[in-house]
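So, here's a batch of structures to check.
Look at the two complexes coming up: chain A is in both, with chain B in one and chain C in the other.
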Partner chain A sequence: MSRPNTATPLERRYAMLGVILIAPTILVFCAVIVYPLFSAIYLSLFQIFTPTLQGSFVGLENYQRLFQRSEFWISLRNTLVWTIGTLTLQILLGVAMALVLHQNLWFRSLARSLILFPYFVSTVVAVLVWRWLFNDLYGILNHLMISVGLIDWPLDFLGSSPNAMISVILVGAWKYFPFVVIAVLARLQTIPEPLYEAAKIDGAGPIARFFDITLPQLREVLVVIILLRAIWDFKEFDLIFLLTGGGPLITTQTLPLLVYKEAFALNQMGMASAYAVVMMAIMLVFMVVYVLKTRNKDESR
Partner chain B sequence: MKYSQMTRRATLQALMAGAAVGALPGKVFAQTVNLRWWSPQGSPEQLAAYAYQIEAFHALHPDIRVTFEMTSDEGYAPQLAAAFSSGQVPDIVTHLPSFAVQSYYANGLIEPFDDVIAAIGADDFYPGANDVFRAADGQYCGTGIGNSAANMLWMRRDLMEQANIDKIPETWDELRTACAAMQTRGTFGAPLPFGRNTMTSLIFTGFIHGAGGHVFTPDLEVDIDNDGTRAALEFYREMREFCPPGATNYSWGESLTAFVSGATATGIYTGRVLVNAVLQNPAIAEHITCATYPRLSTDIAPWTFNDFPSVFIPAQSRNKDAAKLFAAFLFDPEGYIRQLHAAPGHVLPVLQSINNDPRYQDNDIIRAYSDEVELMAQAAAGGFNLGYESAEHQSNEKAGEVINAGPIADLVQRVVLNGDNVDAALSDTSRAIAEIVSG
Partner chain C sequence: MADVVFSNVQKTFGTFTAVRDLDLTIRSGEFVSLLGPSGCGKTTTLRMLAGLEFPTGGTISIDGKVVNDTAPGKRDIAMVFQSYALYPHMTVAKNIAYPLKKRGVPAAERDQMVAKAAEMLQLTPLLNRKPGQLSGGQQQRVALGRALVRDPKVFLLDEPLSNLDAKLRGYMRAELVELHARLGRTMVYVTHDQLEAMTMSDRIAIMLNGDLQQFAPPQEVYRFPANRFVAGFIGTPSMNLIDGELTRAGSGWRFCAASLDVPVGPLNDMAQPGPACLGMRPESLSLGAGEQMAKVLLVEQTGHENIVTLQFAGQIRLTARTTAAQDLQMGADVAFAIDTSALHVFGPGETGPRLNRLLENKSSETDGQT
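And then the complex of A and B:
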């Protein structure tokens, strides 16, 4: 049974005004989120030659082939290794650096500014610098290690396994840990000082104060950082592509690189879209956790 | 308040008037044609030569403006794929390998080039120079803007002398022996590429042919699993110990730099080595020379990799006539010679009249290395690539995708770096190439 329409003309006009006001947002949302999303799903049902965008309907065949390919599973494993490896380092480095920069150091302001440098520098520039550092013939890292007798022969940082994945993870951690520093530092500054004073009176040392006060206070912000960075690292493309191109073999080929290879090296846009849709589904898990976490937080308030 | 004088209605009227005025210049300047020119070749000297050609062309055709945009050997495929699919194509593209052009033409993405070749002068090209650009329909999909001999063996006579090597290696055994003799602490034997990139695929294809093998049969059946490929894999594996550790990630730039800097005793590259050595490392410049790359035995003819740097015009260009004018103008002697002199020996002339032109020969590097340049010109003229493996082979329009997808580079990495079983790796590679070919 429908409810009788009891709204006054003025209320109806306000309701209409509301729709009109929100319409631009909805339109932009549809244009930049909904359309590409459905377009990717639609394309994944076709076999399409990228340059001409001509193709034929193949239904779910792309997905069937995708799950049968070992390259997909290897790339997924690489993506997880990269994401977990670089994220762990980012968090450890970021929290440690934030704790240092929270102290009363005389160069604190300068250090806080400089620490952001890796995050702000262009990925292309960062990769060029690191490739130069890693170079087997002229790289400073090999030169230093040979000079101090750590190694007799230049180390192949980017062309052999597992060195390549380790190098990529290290560069990723260097590039993105400042984001963790910023977020953690902001939260550290809001932890009430009396908590530490009370702990000191109770005889708690620095380590006990970190684990009993600082870490619990940081937990919420760390959850958000981990989820956001996990999403961003999962879909990282440029840094890995420019450093190793996914090699040697496919030992550093992550899912975004596989999508790129399908779309532009093999010119199979339909298959590339299928990979992208699967990636999106995996990332959806992170998104759901993120939404649940932030909603729980809002509700608890 | 002062700003209240601007009412909403007045603002809207002003905006509409602005939009109307903004629409006018489109008609007013519709006479001017803007051409976009893409190329992966863009050293500073080449850019200067292009700028000269653009200005000279503009002086002849004031209504046509040309803008040069650089792409890269590793990046042109995705950039062009995106350009074709979006319809935002360059009007003219130069220096891409012939097999890429054939692939685009087969998919209807390129304008036939016969009239441009006629405008340049078909008889002026070296005999057979345009065969590699003849498409299945009998028309030409592009033409060569130059030739290149990309897998020349570069040697340093000073190091050969020190190592008591009296002749340039002609066979793999001789090359291996020479590399072993010349390798010292700080100098490696060779900068062969083992990276997961197009250079490894292209260079290793040369090694397959250097052992009498092939990737495709003449009628384009996948046949990479042959004795030649196995011999090439074995030799490539043996050469690993003479290459720098980082060669596992080498592409064209790193390989070139390794030889020119003196980090390796031999090199594998085009004639760009000459200008780079002269400018960047004069100490070795007077000692360098080149030869066709060694092969399994002297019974096998040298197989020179020529990517046949091309000129073509995308079919979606809105300025085809102007693009064709400019394409033909690129071969005008004054500008063309400047372009060739920008990297002497790297891009070699395709027109006989240019090669015989005293202005072309009047170059310090071409004079100083006349034997090497002549050898490269001959080797390139009889050269091949994956799209044109031999004179008996049909044109392979899938070669570009095979190179870009990298199954041949993967094969090298699996067998040489990973120590995988050759049978299994070759079987997988055959399957991967067959999948690419079947689409």
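And then the complex of A and C:
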């Protein structure tokens, strides 16, 4: 931060005030973000037994081992499949629902509050309900699908290989699409009506109006939503852990679950920290891409 | 080329009537202004013609075809919105090309037409900018460009100049008139600015509270206002309107208010002895000589003339127009005379009808001219 020397005493006093006002925030930020961050990096250089926190310095050996393990690569792939799958569904479902709710329906305000329901429900409760719905012996989903003739035999939603991942992705989409609905709806309401009227007069039908006006107007908010949801989904833990625990085998084990398993089941705190640091590095790549993209856009304007 | 006919058109929002029993025939190629105070239903009328609002009664036809159930895009109209409504994410070129694209004009032809429209409106250097990077006047020209690129049957303009500064407004007014002359298209122009309506239109439709008050060429509206509202609305400074009594005097009539007592000549059949309203333009009062006396309250200098506010007979205020050379002191008494050949008489009430006989004679005369 270089301040011009031409600052007047008044300006300097204001600058001082700024520093004083921002100091508490900086301190809290350091305590809750910077410290854990560096301690994770530090811990990842040790081999540590979790219950006693005793260990020995091993340097980068944890990282070396990590990249050689197939479990890491499988978990990374699971994380990507989960993130991309659930995020795509969230966006599609969320935008579609927002468009529906944006119409002048008499039950709009009621529907708007109802739509938030999955987002409000605590994950534990939601997962319990879904596990019950999914159950292969008494679950209502199997019952319904058999009675309409879609399947002959109950499906094992959570206990067999591609099914478990698909189920987790669906529940994730159900749980988090309301966030997309609310954000998109807020933006939709600020698109000036005359734009649509002008397009109507210019001869654009409903579909053309969506692609030529609504979508370009939503683009910025969608970029933000996708980024935020991608980060949150990437590190999603409770929903997957409670629904499948990573199983069957490790087919739904994402990186956060792997970190947990390493730290508290295998009691390898150092190794777990190494996984966490790698995870963070991957997310950093996302963030840099995002920052670069948005900056280019601002300049080209 | 298309004429536009509103017949018996009605628009209600819930229990509120925005437009009532509107009958209006706009001739092909005509420039018509819808003029009136805020909330009188001008925009609603225009939007019904555009198909953005649906009449709750009556029919609208363009070119002899009833369009009540025709989608806006199929009416072959173009509209310039008050807010311009340019597509913010598209360049100027794309904005202008959009209506062509939606009508399936091939790309090469489209580019040509856009280039031509841009040239006509001096937009060529701006074609690659986004609307956010343009000034108000430039945006307004882009909106015009988007409207005229496709040569529609009818142009609709909703207060397109209201966001511009006075100088640019004057310039754009002239541009629009010239454009109309060149294209020869029917144009319907909404404004609340009487100067715009007077200077640009072939005919002006004056509305109040959803009712059409008068539909006539600017000169006729000015010289023979159909009722008291039109008389007060058209002209700056506005016409002096004095409430008083009408009495018969032989074959003619007299109008009295306070110490004022003037002959008003022959009136039409609607005239009845009793309350009425006398109207006189500021220019039909001459100051300095005459049989009436009034006190000078205020002298406003506009440069080449002065607008003088007088107080007459204790409570009646009058506005007069004098040359700047005439020296008047505020608070002084001054003699004035009324040009009795240019008086207007209206019935009682806000929209009291014109009672002078002159209307019928003159309106048929002006009709013959057009």
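Here is the rule we use: the second predicted complex is superposed on the first by the 268 of 301 C-alpha atoms of A that agree within 3 Å, B and C clash if a C-alpha of one lies under 4 Å from a C-alpha of the other, contacts with A are read in each partner's own complex, and residues count from 1 in each chain.
Everything below uses one rule, namely that a residue touches a chain if its C-beta (ideal position, glycine included) is under 8 Å from a C-beta of that chain, and two chains touch if they have at least 3 such contacts.
Please read these numbers as outputs of a predicted model, since none were measured by experiment.
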Joint occupancy of chain A by chain B and chain C, clash or fit: fit
Touching partner for A:Ala204 - first (chain B), second (chain C), both, neither: second
First, second, both or neither for A:Leu155, with chain B first and chain C second: first
Angle at chain A between chain B and chain C, C-alpha centres, nearest 10 degrees: 150
First (chain B), second (chain C), both or neither touched by A:Glu61: neither
Which of chain B and chain C A:Pro192 touches, first, second, both or neither: second
Touch count on chain A, higher of chain B and chain C: B
Contacts of A:Gln217 with chain B and chain C, given as first, second, both or neither: second
Which superposed partner A:Phe264 touches (first chain B, second chain C, both, neither): first
Nearest-approach distance, in Å, of chain C Cα atoms to those of chain B in the combined model: 48
Residues on chain A lying within both footprints (that of chain B and that of chain C): none
Chain A residues touching chain B - in the complex, by the definition given at the top: 47, 49-53, 134-138, 153-161, 244-250, 260-261, 263-267, 269
Complex contact set, residues of chain A against chain C: 192, 194-195, 197-205, 208, 212-213, 216-217, 219, 301
Residues on chain B engaged by chain A in the complex (per definition of touch): 77-78, 80-82, 84-85, 104, 107-109, 194-197, 244-249, 258, 261, 263, 401, 404-406, 410, 413-414, 417-418, 436, 439
Residue numbers on chain C that touch chain A, as the complex places them: 50-52, 71-74, 77-79, 81, 83, 85-89, 98-99, 102-103, 130, 132, 146
